[in-house]
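Two complexes, one shared chain (chain A), two partners (chain B, chain C).
After this line comes the complex of A and B, so read on.
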């Protein structure tokens, strides 16, 4: 889209965001033994399944309460009850996560009440966690964070939420918690399974135990099965979530949302579990900060092996500088990925001159402004929220960057302009290994750095008439 | 591994886990086939809430499947962002815009959505919709714009048809039409196909000038050019001297749809998604229809012969035989090469509304047996044949879909073939008009035919039979592969394609041979996990440096 037409374009042309129940399903997939049910017409569940499956290349079961025309008129309570009971009977899950869709929200279904009533009727039922996710109010990011918040606020602690365990159970949990390594709660945005594994590994290396919510490291990046599993193994167990208030502390990484949707903040308010907040540990600065906090809470020092990683990363920064310095980069995707990559690309000497997200809501812009990173070039970087690819294309053409970093949906622009695209974030439907991409920690930064340098080298080499084999 | 004889028990075991009410309902959709006396199967009924289904919604069938492959109609989703985003360029249908000026439009790579927000849900979204139509028009000046309703739209009462009429008038040279394809309407994509085709029939077909020139003019209905299938067929027709007026809707243009009324024969590939259009075109324009199948080399040859028989020209018949002979030599060579690897192996197909039938022909050519099959959104006639249509119960869901009343067009009706000629062709050449015999007559006795296979049922089938290849879509792919069975995607092809016609058959043979002989599955589980003894062989002097296998 170009010129005046694009400026006033109210509707979305090539959007850069997805919808709330996708984020909800993502979060529920990180709970052990959990099957998500989307309350609405079956199409939403099918689309979201297909979208996530194509990215993770793993089985992802999401059920639906399958509305028909009469449901739309009379409300969805009966459908939801049927859906929950059928999922329960077929899969014997430990948790059923229920997220609403635009349709059930528009007709005004009160899912919290439906769940309360169903639980009375069927006392033998597994844990049910409802969450309200109307997509006309937010994106997959909000859907994800609201769901994590719902999970914690329904389960953690004794007397809050009807699904919390009995007092006896709570005592057991306390004993359990005391006997093992100090536990730390981790709340992260939508990061890859490989990055979640990294969090667990470094926490263990620092003599702590990481309770990560949600933990998709196995459920969405598992191995082949020797035997059949109705629900893929892995995920944060319900017991662990129940005992989260007993942890040493909570760490919120890359929490950009308002306090209402922050589970760590909630735990601190209700149970006094101390909560620390920092940006996602991306790049040297970000990771240094992360380890400082971690070693303080756990009272242990950063192991030699990790320091060596840091040192190798510094060395790579220095070596890569001649390829990266001043290179112009455009970053897009969900707010937390963009914010992290803004910090990272600035740190390695690139010029992130244009960043955008499809998420509205005044999250990304203030977050980046708060960083107060001095711009690399004279021109201040342009940060746009609620921006779609149609609008972004004109700006990209105008600013002529050397590199685009973001999800697969930017490929059209990359193809037309010839600017290379490094795939990160979600969705990645046209490259392999999305779940194994790393970004967090010194080692993650090194992987990302290698990829950035190599894609620029490749471009330079391909464009050269000579065909140098030495760059 | 169980045999077909155990299928009765397998069926009971599957049903066992369901609550009584669900079991009763599912029981009618899971049948043991008997080609001698085709049993009744329950199909095209609502998926039970909480049963994880392969099915999508009617919006998906309308916008994604039928209109998705059209390149010069702007497809505008009216609704919140998700529905439009998820249907943005995710089916691998291909298109080939023309090179001359004005024919190079291709909007397939765009996603247009009104992106409804809270206030639109509360106060209505018609204003935003009009604006979006106007903006799309101002930017691209398309010939036509289609508006697709998602679930909330029907509920808040936006009248997309009124907006469409108003905008058509206002814009003057752009045909704007709306689709009431809210996801909750109908039981599956199939409802959406019907809604889409009805609107195309009302607003586009017959609106053009007759311009298809040629001696033997046909339309191809229900071919969506996944993986370039339609390209292969276009080539074959050209070789044979058959003029292809319009394809619905792979690699199509608006103008081709508009003038499609001038063809002399409609050939149907996917019976499910479009048979009613063929029926309506016959009534309104006098074009007869036949069922064809270009999946499988033998079936492709058969379909070409049917077309030649219809036109009756000796010249065409000779040409068709020449083309078949030419193509078949490459096909036989490819087949001979892979047969040793594929013969005796087994397959299951659960996909679409015609593919689960069509692709059985290819497996037969590979010497592979189909153990179980079923559709995602088929109706009873797709299983049992069109003869059961008068007996199909019309439920609330099907009643929802508009039935157009059609009569002969005063100017454009032209009966292409006399009733006597028709009868003679059926009698002498075995050419059946307006008929499709369905999937079941072709399947062996005792095989399982299951409609709307659920995720759980799929897992039980695989556990019991361990087929050598399972055909479905991306949603099923990774679950099936976790269980050690390769999955071939047949919605959007993986591994490549095209698979239609003769060249397509060769591609398919090769891909399946590779899949069934992959070594990956043998690597699951480390040897020590499997209890194999680990006795390292130490190097002795004179022994080779590398020994990977004993």
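After this line comes the complex of A and C, so read on.
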């Protein structure tokens, strides 16, 4: 249904979003030793596995409490307990993340209580983290952020919830934190494994240690295995999450959510851990701002190597500007990706005249309106939330952009209109290497710039009757 | 190391020769076992999905529609309505106040825009729970719009994927038998359980054309509502894909007196057998049909056999694992692999029944492991234990194989290469070669240490 574009339409056509439990699964996959359990019908887990596997090309095990008719009548407590115990015994996890679905929410299951009771019954169980993610309340994006928030609010600090470590453990953690490099918490939206690796690398180069939550850089982009790993190695360790309140500060990148859903804000409120937020470091302005904050917190300067990267990017901007100026671009996907790409395409002289997201939450529009970016075009861009491809298609045809930037699901429009599509974000089901795509930092911007320029050049060359061999 | 099998699943795993055969199946998935099955909705959706002139409207939260948008490789020779994704996209207020009005409006607006020959309304998990009367909404819309508007009761939790097949058959049954016009040959068939992945239905249809047989309808590959309406006037039903359309075939036998035969079009052996069986059925009415069929089979086999033998030379001695949706396909795969010199050491399915597994057991060698509704923990264990070179399955099994340095061949709904018929058999053999013989596997840590 869809937003301002077509108030009268009741049905969604070709949706530009998935459901909340997918975002929850994504977040849980970034915790070390964690396996997600979706509390609902078997299909939710299986469909989400398949959808994510086609993007990441990695094993993605997600369990289900496998509802049947009697579960729907009598409630899902017994099924959830059986699911948790079976996963615990078979996978030997450190954490089981439990996300609800539309079904379990609609029948009114109190999963927080189920988890409390199960912990009492089975004291030897691993850490359990419940999160409420009814599909009808939001998209994968909201599901993801809610889950990250839930992970932090369940684990961080000593006096919160029964899952926090003992006092001794806490002391150990404090000592650990003091003896090593200053730790920084990073909360990012659903970015690629390669971009997460970049965050870790530059933080280390600035003499800090990045605690990134969630960290899918290995779990969803790992190597081949000698033996089968029930749970892929990698991810943020539970201990690290527990000690997040002891970090120097939290950095919330691309946090467009209200404060209530921001884990950094929560840590600040409960433990006084300072939190700083800025947009995702995309493009020169965005990345400059990021490094300025990082330098201030860590008290170190930006290394020469990174400054050289920056200069190379400036050079590439100069080389590329003629191919880009005024080119009309349509950007779609999740809110934080769209907001970042709006900034980036504006910075390189393109005209992002139409941006849309399937996310309903009143997040994208204010975020873009808040930006102070001198526009290339006189006309204000059209920003739509809760918009699906069926609605967007008419607008795209009307505005005749030169380029589409977004996930694979816009391909049908690209194919029909002949407008090239640069695939980025999630899901990417019809191209290779989604996990290795870069967007963050000067190096990520350079990669993105190269791809944008090349796709425009290719289009120009293919459409030309002359067949220029110099462009 | 013993296999990591949940105690509830002990009887769903069997190693031939280790104990008497008593495999349990037809059970709901165990909570916490990472089953490769989806749900009732999935069963209905896969069966009805290829009907290209119908509008498929998913009534529920957005996820169910999103995850099944253009998911299969079922191609159409004409309209492509099935490749669009429609959902009533229920929101919190709908969950509170009900979704009937939204559904009713959605059916009308989408019908006005897309002019479908019929509408299938899939009710998903929460629809029954919030109390929507989908039948009544559909009935009213049908009267008003003058096209079939058919509810498909496919709440995910209400059984297994197999129950979804049944719900789809019930829906199809409402269309079957509603058109008596036009001539239909006495030598006529319906092809059931063939979904036209990568144009496979067209390959099979062409064989029947050469044999002199009219194909009245294909259920549901490249499917059309007007054809399905007439399908009750065919003389014989041929059911491929064991589980999904047997219910409809049984019903058509009872209601319209159309007998059915189970066939498979995978592998030279099985496809020849299928064509001969059909020829045999019609040979009283057309004495020359047997000869035409024999000529066809000979010609096709002669065309593809040499290349298949070349594949065999290269694959001989390899070991394969098979995990598929319906067990019937596994029979064919075992036979094809055997003709390619490949042994099957692990075989299983999501929805096989007792009979299927008994047949599987009788086909397998000693030591072969048979699994029902398996999961990654079990399968990965046997991949290593049995030292598998090649895995044949669907997308969800692929990364498991790759991580362990094992070739993988997609024989599921998403395939983009035709694997059915005589030519499909060679395509399959070539896919097997491309999967198992790639030089990249020598870099797998299991086969070679790193630096």
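Annotations for the structure displayed:
As a working rule, the second predicted complex is superposed on the first by the 464 of 471 C-alpha atoms of A that agree within 3 Å, B and C clash if a C-alpha of one lies under 4 Å from a C-alpha of the other, contacts with A are read in each partner's own complex, and residues count from 1 in each chain.
Definition applied: contacts are C-beta pairs under 8 Å (C-beta built on N, C-alpha and C of every residue); 3 or more make two chains touch, one makes a residue touch a chain.
Since the model is a prediction, treat every value here as computed from it, not as a measurement.
Once both complexes are superposed on chain A, the partners chain B and chain C clash.
After overlaying the two complexes on the shared chain, residue contacts for A:119 are found with neither chain B nor chain C. In the superposed model, A:451 makes contact with neither chain B nor chain C.
Applying the stated contact rule after C-alpha superposition, one finds that A:201 touches neither chain B nor chain C.
According to the touch criterion, the shared surface of chain A, contacted by chain B in one complex and chain C in the other, consists of residues 1, 8-15, 17-19, 21-22, 37, 40-44, 46-51, 53-54, 57-59, 61-69, 71-72, 79-80, 82-87, 89-91, 101-103, 106-107, 134-137, 139, 224-226, 228-230, 390, 409, 412. Across the complex, chain A is touched by residues 4, 6, 8, 28-42, 57, 60-70, 83-92, 94-95, 102, 105-106, 109-110, 125-126, 129-130, 155-160, 376-377, 380-381, 383-384, 395-396, 398-400, 402-405, 443-446 of chain C. Interface of chain A with chain B (complex): residues 1-2, 5-6, 8-15, 17-22, 37, 40-44, 46-51, 53-54, 56-59, 61-72, 79-80, 82-87, 89-91, 101-103, 106-107, 134-137, 139, 222, 224-226, 228-230, 232, 358, 390, 409, 412, 429.
On chain B, the positions that touch chain A within their shared complex are 17-19, 22, 46-60, 76, 79-88, 90, 109-118, 120-121, 128, 131-132, 135-136, 138-139, 150-152, 154-156, 182-185, 187, 396-397, 400, 455-456, 459, 463, 473-475, 477-479, 481-484, 524-525, 529.
Across the complex, chain C is touched by residues 1, 8-15, 17-19, 21-22, 37, 40-51, 53-54, 57-69, 71-72, 79-80, 82-87, 89-91, 101-103, 106-107, 134-137, 139, 223-230, 360, 390, 409, 412 of chain A.
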